[in-house]
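We call the chains A, B, C, D, E, F, G and H, going by the order they appear; numbering starts again at 1 in every chain.
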Amino acid sequence: MTDTSLDEVDRAILRALQEDARHHTNAEISERVDVSATTVGKRIAALEEQGVIQGYRTEIDYEVAGYPLLVLFICTAPIADRERLLRETFDFDGVVNVRELMTGVNNVHILVAGTATDEITRIAHQIDELGFNVNDEILLRNEYNEPSAHFEPGVADE
Amino acid sequence: MTDTSLDEVDRAILRALQEDARHHTNAEISERVDVSATTVGKRIAALEEQGVIQGYRTEIDYEVAGYPLLVLFICTAPIADRERLLRETFDFDGVVNVRELMTGVNNVHILVAGTATDEITRIAHQIDELGFNVNDEILLRNEYNEPSAHFEPGVADE
Amino acid sequence: MTDTSLDEVDRAILRALQEDARHHTNAEISERVDVSATTVGKRIAALEEQGVIQGYRTEIDYEVAGYPLLVLFICTAPIADRERLLRETFDFDGVVNVRELMTGVNNVHILVAGTATDEITRIAHQIDELGFNVNDEILLRNEYNEPSAHFEPGVADE
Amino acid sequence: MTDTSLDEVDRAILRALQEDARHHTNAEISERVDVSATTVGKRIAALEEQGVIQGYRTEIDYEVAGYPLLVLFICTAPIADRERLLRETFDFDGVVNVRELMTGVNNVHILVAGTATDEITRIAHQIDELGFNVNDEILLRNEYNEPSAHFEPGVADE
Amino acid sequence: MTDTSLDEVDRAILRALQEDARHHTNAEISERVDVSATTVGKRIAALEEQGVIQGYRTEIDYEVAGYPLLVLFICTAPIADRERLLRETFDFDGVVNVRELMTGVNNVHILVAGTATDEITRIAHQIDELGFNVNDEILLRNEYNEPSAHFEPGVADE
Amino acid sequence: MTDTSLDEVDRAILRALQEDARHHTNAEISERVDVSATTVGKRIAALEEQGVIQGYRTEIDYEVAGYPLLVLFICTAPIADRERLLRETFDFDGVVNVRELMTGVNNVHILVAGTATDEITRIAHQIDELGFNVNDEILLRNEYNEPSAHFEPGVADE
Amino acid sequence: MTDTSLDEVDRAILRALQEDARHHTNAEISERVDVSATTVGKRIAALEEQGVIQGYRTEIDYEVAGYPLLVLFICTAPIADRERLLRETFDFDGVVNVRELMTGVNNVHILVAGTATDEITRIAHQIDELGFNVNDEILLRNEYNEPSAHFEPGVADE
Amino acid sequence: MTDTSLDEVDRAILRALQEDARHHTNAEISERVDVSATTVGKRIAALEEQGVIQGYRTEIDYEVAGYPLLVLFICTAPIADRERLLRETFDFDGVVNVRELMTGVNNVHILVAGTATDEITRIAHQIDELGFNVNDEILLRNEYNEPSAHFEPGVADE
């Protein structure tokens, strides 16, 4: 892992992109950060290439979109099969997000959006057949993704 | 909650935005979905207004960005104080994502990115002082956010 | 508790009532059990008076009736307050069934039917404020209430 | 699932049937709800056909009826076999009620009434041999089934 | 199981025997209970034959006797094998008492007295090889067996 | 604690007393062990004085005696209050045996015999009010107290 | 935290000191590592100053030394008080090692060596009174501290 | 196990060696304990031979040494394979300390030091493949090894 040194400009750009990755154009970010739009574009390209930026994601309110049931499956993947299992989870309809945790039990969190309990049960079958142990299924009430404080002005100086 | 009926055009647009919310411009989506760029713009505005689209988020690889420790705090918020506590968690440096679950115990998952164990410990203190019970702290190895199958062509017809 | 000796006629009547408490009239049961309808009526009255029969309940499919979320709250009531708490749970909108278990933890199961997660959350608040500890909230997929084997012909002879 | 819109008359009828499914005749409900007995009969038939009403059940006090031990078996059914297992549980003498929960562990609650601990042990053997994991066996102290608030006058207007 | 009706004389005899099964001779009990020693003998014989009295046990302080480690093994016996396993546990050196509980997990408590941790480990191996799952091993600090209140004068009248 | 060295005669006497503390008189043990009855008496007195023998207990089959419900309460006593709490548990009607375990949670096992669930519930109230946390209440199916192998011939030589 | 770059000489010295901190004199290490004894001394002084070396500890077999009971207390320290509590644990007789873990529950492991169960119970009281929650007390069978592979020749080159 | 009687001189020597096994030479200990350096040497040799002293270990601050992740693996070793598994754990790079506990579950604690989460994951794979069940992986914040009170002056007299 080559460490990436982010300067104040990088951080301000990341901050702007965290707030709104679509409507904050290079031109708008340029004004805010006080460098040229070309520099903003180059910096963003560099951050993408270094892997600091992994992608730009649209946050969906699945309930409003017609998928009122958001269920978090707390699963255990056998350590030896974990990587193979994780690659295949996105093949299932309904899977929205997957987290892999460094522990032996309850080490995979799979978030699923569906229309009704029958659909959730069908996905539970798929997850089970793939090789996970499903230990808990919990309704998600809300998820919050506000911009974090990491790239706020001043924080870099600490 | 007014139910939102998404047609095939809406779904195709959502799909394109899930894949890349920044580089997929209205013009590019227009070609892909085969409606005019103006229509794409109007539809996106409508989806934003209805609340189907909650925002556009930049995914950061915190490890590459210099925050190698990603820790998931599994907390219990007393039901009566849960909403107040949740509003305040984003005031802490390092909090990246918060999930609120419909259960009495382990009902809040707080994801934190930090540089070293001392920093994680300091955030644990803040979370504890705010009123959460911290039941577990688990290292996150990976998080996956690929576009879900919900808006794939054909899925709407089921 | 005065023990109640049920004879074969009592058991056959109970069996018929378990199968259908409304459409199995005294006349119909009379044919099936081979005693007069008057006797059926007298026996039922006696069974009600002795407390063997506690009531006649209509089973609702809450999902079809417009309450798609059936949630089982697994709660702990402090032993000293348990009886008072139990009396008050039916004051909450949405409570369908309550079970009191002989153990110190997870000793009350409250079944709730609601229209959406917001409503379930509101009931969770009420249950919490009343004094229960809510330890788990689990979606109910199905409940089965077929006539049990206790009053089948022949079982009484064992 | 076709959604069923219940009007005030339907709700009042359901309320009456929840209170007493046997002694509340169509005629009595007619007076209470202020529509003709024929209408009550038609409405009930429609509610039965739509599946809102699943049946009419007689509540037995098993302790008074000579079965003093009411035990709740908390079981785990392997997800893949759950449906087959559930169909067969009512073949066992003593099973009174079965609940299927949407979670991977402790996902089936089986309520059993018996005369003595030997009988409960015999049923535990049957449940175990069928393929369930029995994780807990808890004495039930009481079960409450009062009419819920769902169909109370005024609640429908909310 | 034929129910046994114990009268006041039986209860007083049981009380005396609970206090001291060896030094309370029939003659001494006779004085205390105010019936003849012959009657005491006949009553005791009857209580033994009915199975109310299972035996007369000497309580050993194993720590004083040279076995300072008293360890309670909390085990799970598979339901299907439980009876066979229980019969064989007393073949192991060191087993002092076994309790069989009506639950699926942690359903057998085995109390073992030994001289040193190596000996306890050897017995753990034997218990494991026999087919139990050993879930916990806890040091016993004290066990109390005072005469219970069941046969105290006056209690029978309740 | 003064260590007690038991010789072969002591062990053989203990073995005989473990088998039957009442019917194995000094004379009978004398024949078996091949020392005089006077010696047996002296040895037993010494073992009592040293505290190796704590008492002679009559084992009751509470189910046959009219107390069909044997319930093991798994409790937590706060460490600071444990000794006081333990002294008072035998004041409750129904308590048969108490075990104190060296752990912070589930550190007291209280065995209770009762006639019906109401009585068990009443005792649960008393245990709770005294200051214990009752974590589980489990039905006891059987308890086995055969003579242990500690004092079998040959074992002492190991 | 200033990062410390260890070269091959440092690593070989650490390896030698891990194997035997007392009998491996500077002279002996000098031969093994092929630098002068003076250099060995200077390097060790530097490693001590940088904090790489925290101290030189004598491993005691407490069982042989007359303390046969080694008990691991699994405790929860309230996050807010953790640091104060940890400072005070070494004031208790018998504490041998303390580990502080980054989690909310079971976050302090205290290892205690004692002569008998009474002594362990006394220490449990002290730990409890100080403010820890003692959740488990487990007998330690063995602890292994062989030199780790970190400073083996060749490992540094990876 | 032959019991070892430690006198005041032995205890004082052990105390000095616990404080600093390297810099406290025989000569320095001789002054402190007030016996000749030759006697100190002889006593230490005897304590080593008896097994009271198991070795002299250098305490490394792995974080300073370039291994910032210290993770405690809480594992279950099947009782039958435990000894074989334990022998092999030190073959893995990164293992620093292993504890074997007398319980059936979570009976082995393996402490690992590594540079990054990928390395910790690789070691988790090795531990899993060897045959352990990894139940938890917890970050270690600190470990404390101050000299214990066992050999303090005066303590031996108790």
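Of note:
Heads up, the rule we're going with is that a residue touches a chain if its C-beta (ideal position, glycine included) is under 8 Å from a C-beta of that chain, and two chains touch if they have at least 3 such contacts.
All values derive from a computational prediction rather than experimental measurement.
Among the remaining chains, those touching chain A as well as chain H are B. For chain pairs B-C and A-C, the one joined by more C-beta pairs in contact is B-C. In the contact between chain G and chain H, the residue numbers used by both copies make up over half of all numbers at that interface.
In this assembly, the C-alpha centroid of chain A lies 59 Å from the C-alpha centroid of chain E. Annotation: 42 Å between the Cα-based centres of chain A and chain D.
Across the assembly, chain E contributes residues 1, 63, 71, 102-103, 116-117, 120-121, 137-139, 141 that each touch 2 or more other chains. Touching pairs of chains, sorted by label, consist of A-B, A-C, A-D, A-H, B-C, B-G, B-H, C-D, C-F, D-E, D-F, E-F, E-G, E-H, F-G, G-H. Every residue of chain D that touches chain E in the complex is listed here, in rising order: 71, 73, 75, 116-117, 120-121, 124-125, 128-129, 133-137. Interface of chain F with chain D (complex): residues 63, 68, 71, 116-117, 120-121, 137-139, 141.
Partner chain A is touched in their complex by these residues of chain B: 1, 3-6, 14, 17-18, 20-23, 50-67, 72, 86, 89-90, 92-103, 109, 113, 138-146, 148-150, 155. Within the complex formed with chain B, the chain G residues making contact are 1, 78-80, 102-105.
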